[in-house]
Amino acid sequence: MTARIGVVTFPGSLDDRDTQRAIRLAGAEPVALWHKDKDLKQVDAVVLPGGFSYGDYLRAGAISRFSPVMETVIEQAKSGMPVLGICNGFQILTEAHLLPGGMLGNDHLHFICRDQKLRVENADTAWTADYEAGQEIHIPLKNMDGRYVADTYTLDRLEAEGRVVFRYLDVNPNGSLRDIAGITNEAGNVVGLMPHPEHATEPLIGTGRTDGLPFFTSILKKLVNA
Amino acid sequence: MARVVVDVMLKPEILDPQGQAVQRALPRLGFEGIADVRQGKRFELEVDGPVDDAALARIRELAESFLANTVIEDFTVKVEEEKVEAGK
Amino acid sequence: MSKTPLDTVEHAAATPDVELPWAELGLKKDEYERVVEILGRRPTGAELAMYSVMWSEHCSYKSSKVHLRQFGEKAPQSDALLVGIGENAGVVDVGQGYAVTFKVESHNHPSYVEPYQGAATGVGGIVRDIIAMGARPVAVVDPLRFGAADHPDTKRVLPGVVAGIGGYGNCLGLPNIGGEVVFDACYQGNPLVNAGAIGVMRHEDIHLAKASGAGNKVILYGARTGGDGIGGASILASETFDDAKPSKRPAVQVGDPFQEKLLIECTLEAFAEKLVVGIQDLGAAGLSCATSELASNGSGGMRVTLDDVPLRDSTLSPEEILMSESQERMCAVVEPDKVDRFLAICEKWDVIATVIGEVTDGDRLEIFWHGGKIVDVDPRTVAHDGPVYERPYARPDWQDALQADDANKLPRPGTSEELREQVLKLVSSPNQASKSWITSQYDHFVQGNTVLAQPEDSGMIRVDEESGLGVAIATDGNGRYAKLDPYTGAQLALAEAYRNVATTGAKPLAVSDCLNFGSPEDPAVMWQFAEAVRGLADACQQLGTPVTGGNVSLYNQTGEAAIHPTPVVAVLGVIDDVARRTPVAFQEEGQLLYLLGDTREEFGGSAWSQVIHDHLGGLPPQVDLERERLLGEILISASRDGMIDSAHDLSDGGLIQAVVESALLGGKGARLVVPDGLDAFTFLLSESAGRAIVAVPRSEEVRFNDMCGARGLPATRIGVVDGDAVEVQGEFALSLDELRTAHEGTIPALLA
Amino acid sequence: MARVVVDVMLKPEILDPQGQAVQRALPRLGFEGIADVRQGKRFELEVDGPVDDAALARIRELAESFLANTVIEDFTVKVEEEKVEAGK
């Protein structure tokens, strides 16, 4: 038996197909989910992929957050289903208040595409178990609205509870407070990050590294062993 | 038909790089004497029917739940009346 | 509102003396008379609107057509060509049942007026051409030209253009895998924003722009039609038909990449279900173009009810609706029993779709408005029978003096120290400096198939995950070379793009081009154009790479001053397995560096002459197309057989520029030795064509040398990958740190 | 210190994809009765010294040449006085 992992396509999602491929490469079964359907087709976990859903008009993720599929995702996430938000998916998760804080335009005002160095700060979440805490990895980053902000109280709390999952190293590419690249919720089942692990799963493609694959093997192991 | 305007600005404590970029460009354009610039969004809503208290309350709710993300932004709602000085 | 009666066909026939503002619409007197002759009566306002936009330079190629014919006449025999010139984009067979379509277009003028939106809508337009062929777009490229890097207006235009290209392409989910950025004062008032796109499909999915089958429905889908991009129609509307109209409609449009993304997905879904008989994107000339081209390419006629076009602005006149260039719209011809399914797919993607007409038995294009027939034309006369000009052309009298002003005679560096300084100045000059500040604003990774992207010699996309089949594309053009000799300059552009594709290990297959020139009414410019086309057509014939389509942009001119003639050439190549691709970056210390090809003293139009002497004169480098072909074959074989680990083509800036780039990208230095028979200056800085450097693992040296020797390609060992500096023995050394600062600091310092 | 507000909106005949996206989302959020939404930019300039006619003229010039691209956008300049109804 393998795990079924849903990937939601919103209008304007761009990385849904590669996320499905990454799931397949990790050995799990990708299941396409549609934003207008509340039905999650009995998947074991859900990925909200990157892209510009609704063109990122209004605010990144603000319109998608009200999709029918999100009603179920929010409900299921609250009862423990693993959910990963990548880039636009992360933005949707903050807009939906499944993760604290918000995302704003990059401080340098440009879209940025680069091979980003990160440190894995928390290897205990559903999506990061195949990493080691403190491990340094390179994952492609590409966004316009990647600046993570939250009030000081929230930031302190995230730090204190070990909920900062990834931090930018060497370069803070967008002005995110405390170099935060990704966070998790209290239960550790919902993770959001700006860089794109699905783009770092094949040796020939993109930057040629495979540092993103453990995301998908982590969740697979967790679900299969559950 | 009436127009209701919702202005959304970043909270004061949040860095506004767009406003800063404008401000930094001012001296180059020969402008002095502007101490600060902040950039936000303006929404013009054309409302069918009268804009009574109930309608305004609903728009305020819309602003709070949708047009602004109150984690990072503030908003104001006003009914547009006066004709303001117009550029070209 | 003051209402004159609707200008129907009937009304036009009854009122032959009504004067129409044909001159304001850009038609010449004899062109207008031609329209009257074709119709046998005066045109209606709507007909005049259609003829005027479709017969414009932009849509009819009236000045360039007589020259462009050579691309067809001299086209080399190529088994790869599935669809040639004349369709929305050419289609090339890349094997394993896959076909690739690609094309380059210009959006120069709008990008000067409104850099962000002008450039953004340029990307939108070229991508719709690709979808209209039945393909899924898989990548974009953007050859750009700006004014002087330190001119204040460049700081307005360039960041806006780059943000616009990125804003649109990134939002569509298309990796940007290549392009060019060139600065030259000649582009100050006329920046060139060319955009190219590639799409992939299966052979059986190729679609064409034609309406056939009487009774089939014409469906307009995508954005609502608004009052944007209407040049002359508003004149027509305000002066002749309805004086209450706003008289000026903006000529710049705002793009909606999100809408276009939905358009891509719903179009591909409709293709996949085989619902589409014919399809056309709406670009320049909007519905006028789409309806007349669909109808004239098909077997029947077409009847359209303009009242059914969904509008954003209910005050638009029928002329304006016909001419509107509102973005993100497409037109499909669908069999009646498939219309419901087509509309359902559109609805799934929240795309507005409306049946606006149908294909008829006849051969007329008839358009109705408020119950009256306002257009009744033979669509061919609109789409294909536009005027054709044999514009006078003459070699300008300054050409001889320009060529006589020989760059080889410019003062050269006298000492090693001076040579070192000039090299440093060169690699940090805006044209030679790293463009990563620009290209990092483009998504290279999206779709997860990018094998190579800038700053590699060509962009490369994996087409098939199982077999590793891939395609490569490079675009090149050198306006300085073309100014010195347009015939040779155009050939050099092709040679360079061809070489770039081969350097990455892909076999060049076909060509698209974007020909950017000044005013065709200037005989000197027309001569440049004629020479460039002749040069390109001859070279394509010799290299066996047919031109599959392209675009002409004329009137790139500020007052009397035309831009340098700037033919931009895109070459598409194929590689059987992307695992064999060759990157630019040095991979391993100890590998041997070989220079392939011959180095002559060639400094005309060179980067050195520009950067050090601000000079343009003499002759461009010689072209030897047989040598280019041989070099390409060697590079492809060497990559396929694993004989080289990195390669870089030599072009502007010469050998030293290439070595510096490979070193910085790989983070590994090089020790170079000046070969016998060459002086250091010529070795490092000459721009002779037909050359590349390769890094050969020691274990492969004998095999590689044997191959070059057997095939007659000069291969000279010039050094080794080593250390953390680029050192030219007996001359100078530049540390990678110093080079990196110089090479990477320039553009951010100018623009950030 | 006074505040001058420059509002920049796309010209009415120009497509406003952002405003349209907001408007299309309204029914899903249970909002009816809003016929049109347009989204623009709001700049808040904090001006040192008095905002006299000369200062306003200069700001208008700034708006025309820099804050707005008048090929596609209109702008208005106004001095902010009244306290408007504030959201949170």
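Order of writing sets the labels: A, B, C and D. Residues in every chain begin at 1.
Here is the rule we go by: a contact is a pair of C-beta atoms (placed from the backbone, for glycine too) under 8 Å apart; a residue touches a chain by one contact, two chains touch by 3 or more.
Here the structure is a predicted model, which is why all the values come from computation and not from measurement.
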In contact with chain A and chain B alike are the chains D
Which chain pair shares more contacting C-beta pairs: A-D, or A-C? A-C
So what's the Cα centroid distance for chain B and chain D, whole Å? 7
Chain A and chain C, separation of their C-alpha mean positions in angstrom: 36
Cα centroid separation between chain B and chain C, in whole Å? 40
Counting only residues that touch at least two other chains, what does the list for chain D look like? 17, 21-22, 25, 29, 39
Can you list the residues of chain C that touch 2 or more other chains? 256, 258-259, 350
Residues of chain A whose C-beta touches two or more other chains: 54-55, 57-58, 66, 108
So with touch defined the way it is at the top, what topology do the chains form here? Options are line, ring, star, complete, other. other
Given the complex, residues on chain B that touch chain A span 10, 13-15, 17-18, 21, 66-67, 69, 71-72
Chain C contact footprint on chain A (complex, rising order): 11-12, 14-15, 17-18, 21-22, 51-52, 54-57, 108, 110-114, 140, 142, 144, 196, 198-199, 201-202, 204-207
In the complex, the residues of chain B that touch chain D are 1, 7, 9, 19, 22, 25-26, 29, 31, 33-49, 55, 58, 60, 62-68, 70, 74-78, 84-88
Taking the complex as given, what residues does chain D use to touch chain A? 17-18, 21-22, 25, 28-29, 39
In the complex of these two chains, what residues of chain C are touching chain A? 163, 166-167, 170-173, 256-259, 261-262, 349-350, 439-451, 462, 465, 468, 578-579, 752
